[in-house]
Amino acid sequence: MDFELILGIGRFLLATTLLLLLTVPTAFVIIQMEMKIIAQMNLRFGPNRVGPRGIFQSTIHGFKVLAKEDTIPDQADRGTFTLAPWMVYMAAAMSMLVIPFAPGAVAANFNIGIVYFFAVLGLSVVGLLVAGWASYNKYSLLGGLRSAAQMVSYEIPLTLSIVGAVVLAGTLNFSELIAWQRENVWLFIAQPVGVGIFYISSLAEVNRTPFDMVEADSELVAGPFTEYSGMRFGFFFFAEYVALFIMSGILVSLFFGGWLAPWPFPAQLDGFGGTLYGIFWFFLKTYIFVFIAVWLRATLPRVRVDQLMGMAWKVLLPLALVNLFITAIVVVVLDL
Amino acid sequence: MAVDRPTTTDETAPPRGNGPIVIPDQAGNDPLLSQFGMEEHPQGGFHGLLEVIPTKADYVLDLIRANSLWPLLSGLSCCAIEMMSTATSVNDIDRFGMFPFRASPRQADVLIVAGTLTTKMAGPLVRLWEQMPEPKWCVAMGTCTTSGGRFKRSYSVVQGVDRVMPVDVYVPGCPPRPEGLIYGMMKLHELVKQRRGEWRTYVDRGPQRTRWEGDVR
Amino acid sequence: MTKIDPETRIPDPIELDRIEEDRLRAVAGLAPVRAEGGEYAGFDQVGLPDRPPQTDREREIYTLGEGEMLVNMGPQHPSTHGVMRLVVKVRGEIIVDIDPVLGYLHRGIEKLCENATYTTVLTYVDPMDYLATMNNEHAPAIAFEKLYGIQPPKRAEYIRALVVELERVSSHGLMMGFLALDMGGITPILYAFINRDEIVDLLSAISGQRMLFNFFRVGGVNFDTNDEFLSRLGTWRGRVLKNIEMNERLITDNEIFRSRTIDMGTLTGRDAISLGVTGPNLRASGVPFDVRKAQPYSIYNELEFDVITQTGGDSYARYLQRIAEIKQSIHLIDQIIDKMPHGPVQAQVPGIIRPKPGRAYAAIESPRGLYSVYAISDGGPNPYRFRMRDPSFISLQAMPKLMPGRLVADTMAIMASLDPVMGGVDK
Amino acid sequence: MANLRRPRSAAHSLGRRRALTAPVAAGALVRLLTERFGSDLRDLWTDEDTVEFQTDASRAHDQLRTLRDDPDLAFFMLADAAAVDYGTGTRFEVVYHLFSWKHPGWLRLRVHVDRSDPRIATITDLWEGAMFHEREMYDMMGIVFEGNRDLRRIYMSPDYRSFPHRKDFVLPDDAADSPAAGVNPLERPETWDLTRFNQAPDITFPTSELRDDAPAEAVEDGATRADTGRPR
């Protein structure tokens, strides 16, 4: 076994543990951000008792959930009941591998990064479905079925909206895509329709507000995780927010030039300073989109299930195909 | 380590609520185990192992629990409107970490019984209480909940929630002002923090039914 | 070419599963699941012990046909309408039938009133419609004044109309918030509560209580208007239209909200009258029936206002009707403030009144509809019979007519637009 | 019970009587009623805003139908349907209040129902909205409405034995220590005795043998403590 292989494996293991550990503080930060922003939008204070100006409130929520007793319903199927939250959380954590935080700082620089990302993201559908079935409760069954139907039917427009960008950039690797965006124009200018479809589908994929049918508490009590308590519920709760961070990260990497600085600033610096520079810009743009998702949650009511499905199949899918068709023609004609 | 709740057959268990509610205090009388702060549970198994960990951890745990009490989204009558106005912009319960009113009893810590408890609603309410996972507390909000209130003489009102379930904090008032409810929640914070050191993983509240006649399947 | 016998029937897969399932159930010694025409599923599915059906409507609801399921939107339900259990027969997501089970907040108020003096009755009646508490006291007060044969002074009538209209504004504002909350919007309910808290502080300035006011007396009102009440009334009057408009901007033109409420739960005028629906829900279906105009009580014949009706009759029309009525009430409040005369606010009435034996029927227009009291006195200190007709209790009958055929998600939208208050429904 | 005749003019202490708003217009209604119903009308009587007359159970349904369908009567809205119990020895009364654009004021129709066997024809065929009124009257007073498709208890639990709003259902003065001790028994499904259900729903009057397990203690004026009928 030659030396680089060991070095590569070591680097990969270090990177994955680092990312796995990164997911927890990300979830804490986003939960805290959401609580504060929704509070300000509702003209109220929001948590301000725990820690200076209340910034540790979400951490406290996390640890309290850790310290709860987790009950397993009597007739629930114990095996799958305990497996489901793990599946949902792993789907979110594994898909962080391919996010390009900075020029060199990518956990795994696959050349098929995008395909890997969408494959792994589909795993969370299975987790919710299994949770819904295993907890032996009508509400969670209905919630599980709804979430499966919603996420499956929104993955297709999600993926198709990317293909336009990929056809333009000619690569499936995130870093090369960003490199392409550095030379040419940012992809959201080249693919305005693609960005729109991607953003709407990503909201539905992550069950955020206009489409949060899964946890529609006014109808089904709490969707598939009605029967979950304690740390198992914590897994679901965190997985939702980590997935939101990842979706924003991917959106930024694909369409808004991942770690590239916008026009007035130098696009990219080299050396260690460049990495920090890239990380700063990446996190700034990602958290702008997370803010928009939280903003939507505060204002918009919920879409009904059939409207949700109708929009996916009748509106977003044809639009994505047309967008792909036009992009392909443009690429062939102008022979980019 | 998740202590699984001992399953009891509910035929033998006496129907709860008829007799007076006795909250068993620390049974721990077995000489061999008591010095470690452990005792044997009537249905077998031990609990109370946590006492072995020094109290500092329990102190931190209680602080965490006190500052993040999630109330259950359930209200019976007029007090529910005052509970809602406690959660709104003017007087905000989210400041104390209580905002996400959880809809499912599995994820709730506090059951704020807000309103008149009638005999027809007593069954479902007891079921809600039993479905909530441990470290759970109950706040009886309003005089109707505490003692039947202005409807005490009625034929269909339960004269006080403590006839059916153990209550931790009583909030007087008909309906209590939002500030009154927040004062009650602060009292609950102190009560949670007082239990430093002697908190157990599994509070023995008598034989718990795991299968309910009216379980929503 | 092999000849296929035309009679052979290729078993379709669903049929195969069903045969397989029956075989397995027979092996396990269970009764076969399906019977033709549906089989009485009993109450076990909804968490009640199984018992034979009492009436044929019950048998009709609890008989499950093909692929149907009984879902129990139980007494503890996230939507904010209090404790009502909706047993919904669902096929997939579509509602087939619905059976509201009431009584979870039945406090026996009428029985208690028959054992209480006339003044104490006004306190028992308060927590009925706890979003518009002054209206609960208005009808019994008028009924007892008819029985006792006394007329409250003019200023008391004006103060009564003032506080009743204030409660109407706060209650309709809350309805807008609850309708949006049941469809997932978080912010509208908090904006609606801002308006409500201002009105509640206003009324606590005059009556001393935040919700259950106990402000009316037989023959007048308890307190006169003090300056804190009048100054808060002025500031509230300046801000209320802006607050209502802030909430409207969030909801009225919201595309998702419109797509979920327009022609949802459409109630025609004829059905509404036959079902006994009254108030804003009836006027939203086009029937101009308003007790303040049809049977003028108190001072409403001296005030100038018009009865607004919508044409749609669906949830969106009911929402628009509420907004229009808020503006009407604000217009009424302005007139009341202008014309309020001076004088006493309480007629000379002994503590325990013993009206002559007789009957009185007093109906008022509460924010939820025709709220009426039928009181019989037998000369003693207690009313002999005290009967209350609660508007939301009777208009709940529209739900089993509006919901079948809709999706489970729409139940909340339709119920929120009907806006029942369980304190009044269960009396 | 004093005879409930209402004195014509009850001018009283400080407040003066409210002026009669519509004496004339009511006259038109009174003439129409006497013309339509003639002999069945008993004790026609008007107040300042109500016209009231009494009838008996068998005639009530047709009179309500004519009141609703007759073009110049046109009482299209059933405002209220209430049940009144006039004491153990006397009678029940079902009181209907109707409203019409053509005639000012309310029309009150008082229907006498025999107390030992309280049966009356349902009016859900005229107004669907009468269903909850009738279910409540059955639940609270035990009046059976023949022809009602859904006559079951609406407020109390399905296996509740007595009818709370009857005059002989005595509220315990101090709920704590009276036999009807408030909460006893708790409304919990597992405590229901299901034998109660296979009887036909037309149990009109909880006769003593129904409450065989509870000895009936006599109370001063002959009313038994109905609540003892509860299963312990």
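As written, the chains take the letters A, B, C and D, and residue 1 is the first residue of each chain.
Here is the rule we use: a contact is a pair of C-beta atoms (placed from the backbone, for glycine too) under 8 Å apart; a residue touches a chain by one contact, two chains touch by 3 or more.
On a predicted model such as this, the values are computed, not experimentally measured, just so you know.
Seen from the Cα centre of chain A, the chain whose own Cα centre is farthest off is D.
Contact counts per chain pair peak at C-D. Chain centres here are Cα averages; for chain B and chain C they lie 31 Å apart. Here the CA centre of chain A is 36 Å from the CA centre of chain B.
With centres defined as mean CA coordinates, chain D is found 23 Å away from chain C. If each chain is reduced to the centroid of its CA atoms, chain A and chain D end up 62 Å from each other.
With touch defined as above, residues shared between interfaces to two or more other chains in chain C number as follows: 47-49, 72, 78, 103, 106, 108, 111-112, 115, 190, 194, 426.
Among all residues of chain B, those that touch two or more other chains are 73, 88-89, 103, 118, 120-121, 153-157, 213-214, 216-217.
Contact of a single residue of chain D with at least two other chains is seen at positions 155-157, 164, 169, 171, 189-190. Looking at which chains touch one another, you get A-B, A-C, B-C, B-D, C-D. Here chain C touches chain D in the complex through residues 47-52, 54-58, 102-103, 106, 108, 110-112, 115, 145-146, 148-152, 219, 271, 273-277, 289, 294-295, 347-349, 356-361, 363, 370, 372, 374, 376, 378-379, 385, 387, 389, 393-394, 396-397, 426-427, going by the rule given at the top. Those residues of chain D lying in contact with chain B across their complex are 155-157, 164, 169, 171-176, 180, 182-191, 227. Listed in rising order, the residues of chain B touching chain D in the complex are 15, 17-18, 118-123, 126, 148, 152-159, 163-164, 213-214.
Contact residues of chain D toward chain C in the complex are 1-2, 4-7, 10-18, 47, 49-50, 52, 76-80, 82, 84-85, 95, 97, 99, 101, 104-106, 108, 127-133, 140, 149-158, 164-165, 169, 171, 189-190, 192, 194, 197-198, 201. Residues 2-5, 7, 61, 64-65, 67-68, 73, 88-89, 92, 94-97, 99, 102-104, 106-107, 109, 131, 133-135, 201-202, 210-211, 216-217 of chain B are the ones touching chain A in the complex.
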